[in-house]
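There are two complexes below, and they share subunit A, which is joined by subunit B in the first and by subunit C in the second.
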Partner chain A sequence: MTSTTRKSTATRGRGGAANTAPPRPGASRVRRSHRRWAWGFLAPVTLYLLAFYAYPLYRNVELSLREYTVRSFVQGGAPFAGLDNYRTVLTDPAFWPTLTHTVVFTAASLAFQFSIGMALALFFRQHFPLSGTLRALILVPWLLPLIVSASTWSWLLNSDSGLVNAALGVVGVDQVNWLTSPGWSLTSVIIANIWIGIPFNLVVLYSGLQAIPTEVYEASALDGATGWQRFWSITFPLLRPVSAITLLLGLIYTLKVFDIIWIMTRGGPTDSSATLATWSYRLGFGNLLPEFGPGAAVGNLLIVMALIAGLVYIRIQRRQNLR
Partner chain B sequence: MTTSTPRVWWKTAVGLVLTGLMLFPVYWMINVSFTRDQDMRASPPHLFPTNGTLDGYRAVLDQQLPYLGTSFLVGLGTVALTVALAAPAGYALAKLRPPGGPALSFVLLIAQMIPGIIMAMGFYAVYLTLGVLNTLPGLILADSTLAVPFAVLIFTAFMSGIPDELLQAAVVDGAGRLRTFWSVVLPVSRNSVVTVSLFAFLWSWSDFIFASTLAGGGDHQPITIGIYHYIGNNNQQWNAIMATAVVASVPAAVLLVLAQRYVSTGVTAGAVKD
Partner chain C sequence: MTGLSRRRRLAAVAVTALCALAGAGCSSTTDGPSDGGAYLVWDPYPQFADDSEWVALLKKCGTSAGVTVERTGYDTTDLTNKALLAAQQGNSPDVLIVDNPVISTLAEAGALTTTEENKLDVSSMEANLLGAGQRDGRTYGVPIGANTLALYYNKDLLTAAGVDPASVKDWTSLTAALTKVKAKGKKGITFSAIGTEEGSFQFLPWFWGSGAQLTALDSPQAVSALTLWTDWLKQGHSPNSVINNTQTTSWQEFATGDYAFAENGTWQLANAEKLGFAYGTIAIPASAGGPAPAPTGGEFVSIPVQNKTDRYAASQKLVACLTSADNLLTTDTTLSYVAPVAAVQERQAAADPKLKVWVEAVRAAKGRTGDNLGTKYPKISEPLWTAVQAALSGAKSPREALTAAQAAATAR
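What follows is the complex of A and B.
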């Protein structure tokens, strides 16, 4: 920011009334005061981050490295246990199934949310009467409290009285125990989670589509490209950056999903729909005798996965901003 | 893209069907909330609430009002705290650009990625020591962590768009930085304040994980816990459960009707813009 540009912009902004101060000799003092002000404005948030992000995170790491009981949780003085909690978790027979569920839950949710969201975004891109209103309405599942969505789906998928089984019965399919049989519970929570995630994918991909200049399409239409060709040769490649970001954000969100699973199945029956998030919660809060140490250890494994995805996301976004 | 009129209406019809499919569970929730107990397990289920009842909503009025009140208070508190913390920070990051600012933005991005269950466990340990479990301020503080990083990023993005001339004009008029922030930056950023407030309220209203870990046993339980207890306790009265769910969805509906523009902005701002 040189003083000449500053003066000229100030003049433009104030209709010529302003004639700002000439460059002063004490510029470094000004800059220092400027910096002090800036950090003054930032101080509340910085303190807040330290107190309410960094400290709970630190407590969580500490929990995972000590052998806590209910008594020592309250009074302190839990013995240092090193990596014992992590060893307990990794050798637990529930570990590999839970990790597999987490991966399946995340991958299946992402694949369907993304492809359905993409299809809807392409559809709504063709402006037609009411398209804006309908697009807004589709946001509803994303805005509803998760407990509302989860309990609605619980009732839709109820074995005896649920609408889904009633509809399947019309086609001649036998009753499916969506939430109460180990074979179906994971599928059920995935279905509900897909439904919740579609609007987010739709909105982000739609805004990405808006950014593609229409001339590109007009040129390809002149070349005689069909709709399908246009999608694969133009839309898809041009949308790749936005797609990558959508998928990564989806990955971060999906790894975190806890409410839906806990409310619909509590991770059961017999842990058949348990993910790392619900397992961590059950260890820490779900039993009469809390196991905070192993619970925190599972949570920290989850955080590592989320952070890896997060760093990839930030890297991709940086690269795009530079371009 | 110009097409003939019949073709366009055909698309609208398809759009209506797709939207209907997506919103069907929402319709079903409303339908069940009006269904009488004796029709609840009818086979096949009634698709429309003929012979509807308001029993479910009566149960909400009788039993859920304290929960709703708590959620409302916690929501307002979260909004106030979030805006108070995030707006100055956004201004500093967007306009004063101190050294260390980009690092702070990076930390905020990372902070958004921490799974709630981990925060909940850490908060639980801290709150137990401080004795603020099951209190309103405790829940407000925890819920605000859902919104503050997002809010700072939104404010930074919006405030970067404020023309520098405007701020310099204020300085020329003799305003200090606090004054500039209060009487120029904030009024100009009204839209971002609305966006942030809406999302902060909605997230705190919808929060289940902090509510169940930090306020699940006391006098200040929010509506999400109200519904959760309902599901656990009376597995038969689904009209009451769904009526509570409908009432709990009201803020989302209000938000969508009043502020649809802001909602889309909020969804995309975190993802597409920086």
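What follows is the complex of A and C.
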């Protein structure tokens, strides 16, 4: 799949180079009218991107660079504060714990979602009776509205009346305060988030597996490769491009996860499960007196983190293409 | 080179075109609500559909003020941001009904008219309820009804445990009652200590009941109040889930019938009738006895600032109609609130003797943003609920938690 896209970009690149060859008379007018058409087609999407992406982003940056109070938010005239809001956020005692939670939450979620998703994808590759039905059932977490799944998880993990503690009680384990002890809250939201993320990984990896030609497996079987060898020498390397995009999308998605944490723990107790996303919300909206500036600053930090991840991905992909 | 500059020029054209479009969009929306006879009303009662008594009352008051009412119900937490954004865009509703502590935030933003400007009469309103809507001697709205907190108790359970609810007069007797209940194998008391404003709201009766002031979160009295809650958790009188409980989930726990007491509000009265056991209510006791001052809940009707000041006259008529004695009685009965006017309170208590406890509780209650705290309150409340969470979850001792809270409150 990737080899064809690579080839098509290459031809496009060469075609572009051909265009710069000395023009034949009359060709430039044709090209100009072509270009006008091209702009015509580009205009709607450009306007859309400007109105719904560029402008909000610009507003968010502006919000983070000014000292907004509720008064100046409504009446205007907030003084320019430079990087003061960022300084406030970075020197806040909550910053490093929150950043650590964000990293742990994202890394743990991705690692488990991906490996469980991969295991399930491999499992479903072997067609067996009812495999289609089972696969569809596993998609359920993805289809449920987040508020429903997060509320269900918070009932399950309730300290006193939750099903999980009841089940653990049968085995003789003492009550675990999943959501209400600072030691467990982050783990609990990670568990819920893994459950929600598995279907996405399963679907993308499963479709990636379909694209691997079966002949390769047949050849390796003839060579006497074991299942383990087949996975590490064929499946995993051939699945690398799909894995990379799955992980990147998962990363961006997980960095900004807000609903699950907010519904389950409100980022608490005492910020023990707060991530940058919940912190940004708490600053901007979680209080009777909103602090828009610092809230926007935290939001921008999140965007920068996702952007860096995206750039790293592009770089890795480019290096792979060069090879 | 030329291609690049042309591209830039085109981009510039696109941006200007967009701005013009956006500008047109903005100005047309600003005109929107001020056009014709339609007056916009925003309220935090999304539970009421268009065929409800509340909406019927709004329409009726609109007709008597000579305008048509267009009403939108928002989720209460959503409404603060909606109101601020609308004020920024210059398309505020004509009448805005919001939770009382939000009034001081919106007044600070300059989004609300004072009673001097809008000519609303607030003289009949109870002073302790009106306090939440006043800053620096100016009044920014009219309370439409009040609610507050009290202790619901499970009559059957207390009788079985041999506790007379009348004996619960102070913290010592309350804890003694909880111990008796625990000896019977039942659970003591449930409340909500969630890490939001709701948590502070529920903690305040105990905080104020100890004699503590919001200006000194680390006072010995404050520590005693937080120690009371922490000890209940440690001794198993309260479930650990209170740390994450909203007032609704706390009520659900009480409704199971396993709990002797629950701290909850007037708004649960309708649900209380559906309980599978007999219930009663008592005022939340103060540390040394007597009812503790609970914080007032409930909404204010306000008239946001408009570009066209000639709209205030009709808005004033509309609000005056909504807050007239008879209509207050209807509204507060529907919302299961206590009226903000003494005469109406008495009519409520006469019609339903169960409301007597609540009327008394509302009279003893005080506004969170009162005492001229105004917009300082949110900066105190957040450290306070954080301290409650820290102490209950065992992350810090009550004293450490409140010392940190006071430091955080003064730093902001």
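Here are some notes:
Going forward, the second predicted complex is superposed on the first by the 266 of 323 C-alpha atoms of A that agree within 3 Å, B and C clash if a C-alpha of one lies under 4 Å from a C-alpha of the other, contacts with A are read in each partner's own complex, and residues count from 1 in each chain.
Keep this in mind: contacts are C-beta pairs under 8 Å (C-beta built on N, C-alpha and C of every residue); 3 or more make two chains touch, one makes a residue touch a chain.
Bear in mind the structure is a predicted one, so any value in this text is a computation, not a measurement.
Per the definitions stated earlier, placing subunit B and subunit C onto a shared subunit A by superposition produces a clash between them.
Contacts of A:Thr265 after superposition: subunit C is touched, whereas subunit B is not reached. Contact with subunit C, but none with subunit B, is seen for A:Val70 once the two complexes are overlaid on the shared chain. Look at A:Trp39: by the touch rule set out above, it reaches both subunit B and subunit C. Within the superposed three-chain model, A:Gly117 lies out of touch with both subunit B and subunit C [touch as defined at top].
By the touch criterion defined above, A:Leu134 lies against subunit B but remains apart from subunit C after alignment on the C-alpha atoms of chain A. By the touch criterion stated above, A:Leu50 is placed in contact with subunit C alone, subunit B being left untouched. In the superposed model, A:Asn177 makes contact with subunit C only, not with subunit B.
In the superposition on chain A, A:Phe285 contacts both subunit B and subunit C. More subunit A residues lie in contact with B than with the other chain of the pair subunit B and subunit C.
In the superposition on chain A, A:Ala277 makes contact with subunit B only, while subunit C stays out of contact range. For the contact definition in use here, the residues of subunit A common to its subunit B contact set and its subunit C contact set are 39, 46, 55, 73-74, 154, 160-161, 285. The part of subunit A that touches subunit B in the complex is made up of residues 6, 9-10, 12-14, 18, 20, 34-35, 37-42, 44-46, 48-49, 52-53, 55-60, 63, 73-74, 120, 123-124, 126-131, 134, 136-149, 151-156, 160-161, 163, 166, 169-170, 195, 198-200, 203-204, 207-208, 242, 245-246, 249, 252, 255-256, 258-259, 263, 277, 280-281, 284-285, 292, 295-296, 299-300, 302-303, 306-307, 309-310, 314, 317, 321.
If you check the complex, the residues on subunit C that touch subunit A are 10-11, 14-15, 17-18, 22, 77, 80-81, 84, 87-88, 101-102, 105-106, 108-111, 194-197, 239-241, 243-244, 253, 256, 375, 377-379, 381-382, 386, 389-390, 392-396.
Within the complex, the subunit A residues that touch subunit C are 39, 43, 46-47, 50-51, 55, 69-71, 73-75, 154, 158-161, 175, 177, 179-182, 265-272, 285-290. By the touch criterion stated above, subunit B contacts subunit A in their complex at residues 1, 8-9, 11-12, 14-16, 18-19, 22-23, 25-26, 28-29, 32, 40-45, 84-86, 88-89, 91-93, 96-101, 104, 106-126, 128, 141-142, 144-145, 148, 152, 163-166, 168-169, 172, 177, 181, 202, 205-206, 208-209, 212-213, 223-224, 227-228, 231, 238, 241-242, 245, 248-249, 252-253, 255-256, 260, 263-264, 267-268, 270-272, 274.
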